[in-house]
Amino acid sequence: MDNAYIIDTLFALFAMTLIIFMVPKFAMLEAGLVRTKNVTSVLTVNIMIYVIASTAFILIGYDLAFGGSNFTSFSPWAFMMFQMAFVGKAINIMSGGVGERAKLFPLTLFTIFMGAFIYPIVVNVNWGSDWLQDTIFDLHMVDLAGSTVIHSTGGWALLAAILILGPRKGRYNKGNIHVIPASNIPLVVLGAMLLWIGWFGFNGGSVGTIATKEAADSVAKTIFNTNTAGLLGALSAGIVIYIRYRLFDITMILNGALGGLVAVTAGPHLYTTIDAMAVGAIGGILVVFAVPMFDKIKIDDPVGALSVHLVNGIWGTLAVGIFAADPSQGITLFEQFKGVVSVGVFVFVVSFSIIYVINLIIKFRASDEEQLRGLDVSECGVESYPEFKTSI
Amino acid sequence: MDNAYIIDTLFALFAMTLIIFMVPKFAMLEAGLVRTKNVTSVLTVNIMIYVIASTAFILIGYDLAFGGSNFTSFSPWAFMMFQMAFVGKAINIMSGGVGERAKLFPLTLFTIFMGAFIYPIVVNVNWGSDWLQDTIFDLHMVDLAGSTVIHSTGGWALLAAILILGPRKGRYNKGNIHVIPASNIPLVVLGAMLLWIGWFGFNGGSVGTIATKEAADSVAKTIFNTNTAGLLGALSAGIVIYIRYRLFDITMILNGALGGLVAVTAGPHLYTTIDAMAVGAIGGILVVFAVPMFDKIKIDDPVGALSVHLVNGIWGTLAVGIFAADPSQGITLFEQFKGVVSVGVFVFVVSFSIIYVINLIIKFRASDEEQLRGLDVSECGVESYPEFKTSI
Amino acid sequence: MDNAYIIDTLFALFAMTLIIFMVPKFAMLEAGLVRTKNVTSVLTVNIMIYVIASTAFILIGYDLAFGGSNFTSFSPWAFMMFQMAFVGKAINIMSGGVGERAKLFPLTLFTIFMGAFIYPIVVNVNWGSDWLQDTIFDLHMVDLAGSTVIHSTGGWALLAAILILGPRKGRYNKGNIHVIPASNIPLVVLGAMLLWIGWFGFNGGSVGTIATKEAADSVAKTIFNTNTAGLLGALSAGIVIYIRYRLFDITMILNGALGGLVAVTAGPHLYTTIDAMAVGAIGGILVVFAVPMFDKIKIDDPVGALSVHLVNGIWGTLAVGIFAADPSQGITLFEQFKGVVSVGVFVFVVSFSIIYVINLIIKFRASDEEQLRGLDVSECGVESYPEFKTSI
């Protein structure tokens, strides 16, 4: 008894540490993908989100999500911190996609709402004490580590924000799409690969216990399948891109890997190796086709967050109903679909409303001139690489 | 019995790994904060310190600190390596603050003294076998993971070094303070955030055991409070800066986080969540006011190490006597104060004397011309970014 | 019984995570060491190798290495993933040394052969089910974590590749050696230091179990000795370089550390602290002398991989027969030597043949013009730092 308590606490601390490693790695990925004039601003947003969303979750969100019940068989401090490590992720997804044009103060306000209310409510009905069950929601989808609860939640909030904020100045000009290349590829690779590893903690830790033989197998299988889906997402994205352009496009390969990882996240404990390969490979391909598709409809997303997190969050949740359907356990494509739609409608409508209201009070979008100079100067007063001569 | 031995060994190895991760992260933080012409030199110092201080500690310091007693209930190899992981930190604090002007060979000499003698003596009287107890020292302060033993120790050595070495060439000119911006913000963020995470190993591991239910709770609470103080340090620093300048200054936010982390380090196992928030928030505010204060008195510290480590090392140690005073356990503000002063006087006097003598024999300070060209060329023969065009 | 299963699964997952951290770190090290025009290409190769070699190993190599026997007393998923984490390393060693001139598509083909066949066969006869024992091989060397199985295996494949591909354009001109400096020292330091830490997982995890008191001691001792050899490798390389040039050459210090780490890898569980110091120190010195030696014979290796991995892989394997010889256990210098030679001949001949054949079908070497422009443009279509003004 005590032994399980101890081992699960140690395991939760290990998993939580891997997840919090994702904070600087998300920051590096996004800093590498944007232009040098917005690098400090993007980094600041990432750190600010970790700080504010975590504080809001500790003070308000945690009780909203898990209040009234006992959700852990190990140290409550470790459980609370493990859950706290998740909250910033959904908001990071959103902040990345509005990078290079969203102002920091209104983003900060939205972060408080997201960390204290929106995300905790989504957690409550899916993983938590479910005090909303008998009122609005009646969800029974399987979503082990958050294809929907985290990734498409972040994605829907991002979509709402992009619709309100519009594209970056000069991105779509008279029918042409102005391609803006990533400014620092080593940072992109560093960030993406360590997000990948952080996922082991995310998905493995979400199994909740490692303290029986069966649980240990389930954790190891979950991590193995998670990694395998990442491998196949990278592979499928890389192959499609190579066939089309005869080039090895590392940003697309890495987005493919992340797409596979998002997709597997709903059910890595249920899949065979082949299932995980299929789910990941489809995830990688979806990213390759979603990126230009969003550009075609002028949805400007500098880091590809919608393609990685929203599209694959949806795909991954549905995939459980396809690859691991088990009606005797209540696992059906219909329940998965219902979960995707319910969470999607809730998050999109609430996020849109909040961002809309914030935008009425404080201008959410940086002015054209501020975008031209870069947000580092106007928002942060700190240039990212002041000694280096750059062309932009 | 054996089970506790095994789990605590695994836990110590996990904690030690997190701490050694801080070596490259300290290096990245400092490399990002200095000018490009001194980046290689700063990196080299950080690696050199890990190598030399660790070797000196293994060969001499460990016996000085822990000799004659049995301090561990788990694998002695794991305990020794966990303790070894600490030693370089105190010296990194010192080396960062004399960056851009201290020469490497004399720094190396001082590192040997610090790793073999000064730091181990401080450890001995606070955490170790205490063979000095009946002679000079009689300390009973609570300092779980080193607000005093590591952070203010490093800070006092730094203050001694700065007084002898003087400010960087051109930093204070005819009453003006010449502001030198950080050269690479992504490195600053990467370094600072991963230091933050390394702290989980530092403070969590210092609880010493995870192998009972109570110990598991204590470790998890320690890590939770550590993180919470970091959150509030960042938040308070960020808010103060924003109110004053209407800017999101990421280097100040991160230094605020580090200040909160240093401050909580003496007593994270004793605090409530609210205590940890208060200790961290005050820590962040102290950093914001200490940085310009040191500049005003022409104490030139390129990375803000005095503000983060010395000021908050003192504050954090005293905070235990305020927030967690328990005279029945001998925890009083007086004992904490006595510890701060005793260690401070010892470290400052000894460090000052050693640096003074080294400086008589070998010039410790790089010449004005060497500083102008940068230490990378004169000391290392390796430029940090040779292909990039820089303005300085 | 179950408790050992659980703890060893957790331990394997911890060790595996540290090893997979080495993927981005190898990438950072190599990206820092090459010229900016080849940075994206080197990063892409590293990620591509992790993706393809791991997939090949999961689908084919694992059965070839471990098929037909039960090698684990804990979760098979965790064991398989731990072993999978190793496979890319041998190929990374090879890809780094042919950087700035090897094309990506033929490298991809070789990666499949290496991950599916060559490396698994070497594993099979040394660590695995050994179905080749009664036919060709009869090896009994001690090689805990792969001084030979991984490091010299990668080194021999690299030597074969360099002999076929030749040096980079312009590297050796009319008897002069054109020195090409590393383009980004912070990346070099970040990569090398985190490889160092990854080694704790590599060597510690290779002990195979932590679930008895003796095993816990052995794991902790292995990690302690591993780190100590790295310290002494850095120290000895640094001292030799300083004596010769009066400079602190960080790339040589780090390569010395890595040399010491490679060298200790065959027997860290068998050494005393002094043994580990000696093995590591000699490893560091070997690197310092091997680097110019390879240049003298016009073997062009941009990252020093032959000096670090081949030379020290051999040295480290032989060192077990010198420092830990125990004929009663069958540990002799002769058996170690036989292992080094057998694996070396097998890997070199097979790799040479495969690379030779690939090179007949698809040009393996980038044209002079492609090398001049850099592989980033011709192979990846993605520049590494497009906004920065560079001199090359």
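So that you can tell them apart, the chains are marked A, B and C in the order they are listed, and the count of residues begins at 1 in each.
The criterion applied here is as follows: a contact is a pair of C-beta atoms (placed from the backbone, for glycine too) under 8 Å apart; a residue touches a chain by one contact, two chains touch by 3 or more.
Owing to the predicted nature of the structure, the values given are computational and were not obtained by experimental measurement.
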For the two copies subunit A and subunit C, what is the rotation angle that overlays their Cα atoms, in steps of 5 degrees? 120
Do subunit B and subunit C face each other with the same patch, meaning over half of the contact numbers show up on both, or with different patches? different
Report the inter-chain centroid distance for subunit B and subunit C in whole angstrom, where each centroid is the mean of the CA atoms. 33
By the touch definition above, subunit C meets two or more other chains at residues 3, 7, 10, 14, 184, 385, 388-389
Which stretch or stretches of subunit B touch subunit C in the complex? 2-3, 5-7, 9-10, 12-14, 17, 20-21, 23-24, 27-28, 31-32, 39-41, 43-44, 46-48, 50-52, 54-55, 58, 74-78, 80-81, 104, 184, 187, 379-389
Within their complex, state which residues of subunit C touch subunit B. 3, 7, 10-11, 14, 18, 35-36, 181-186, 189-190, 193-194, 197, 200, 204, 210-213, 215-217, 219-221, 223-224, 227-228, 231-232, 234-235, 238, 245, 247-251, 253-254, 257, 273, 385, 388-392
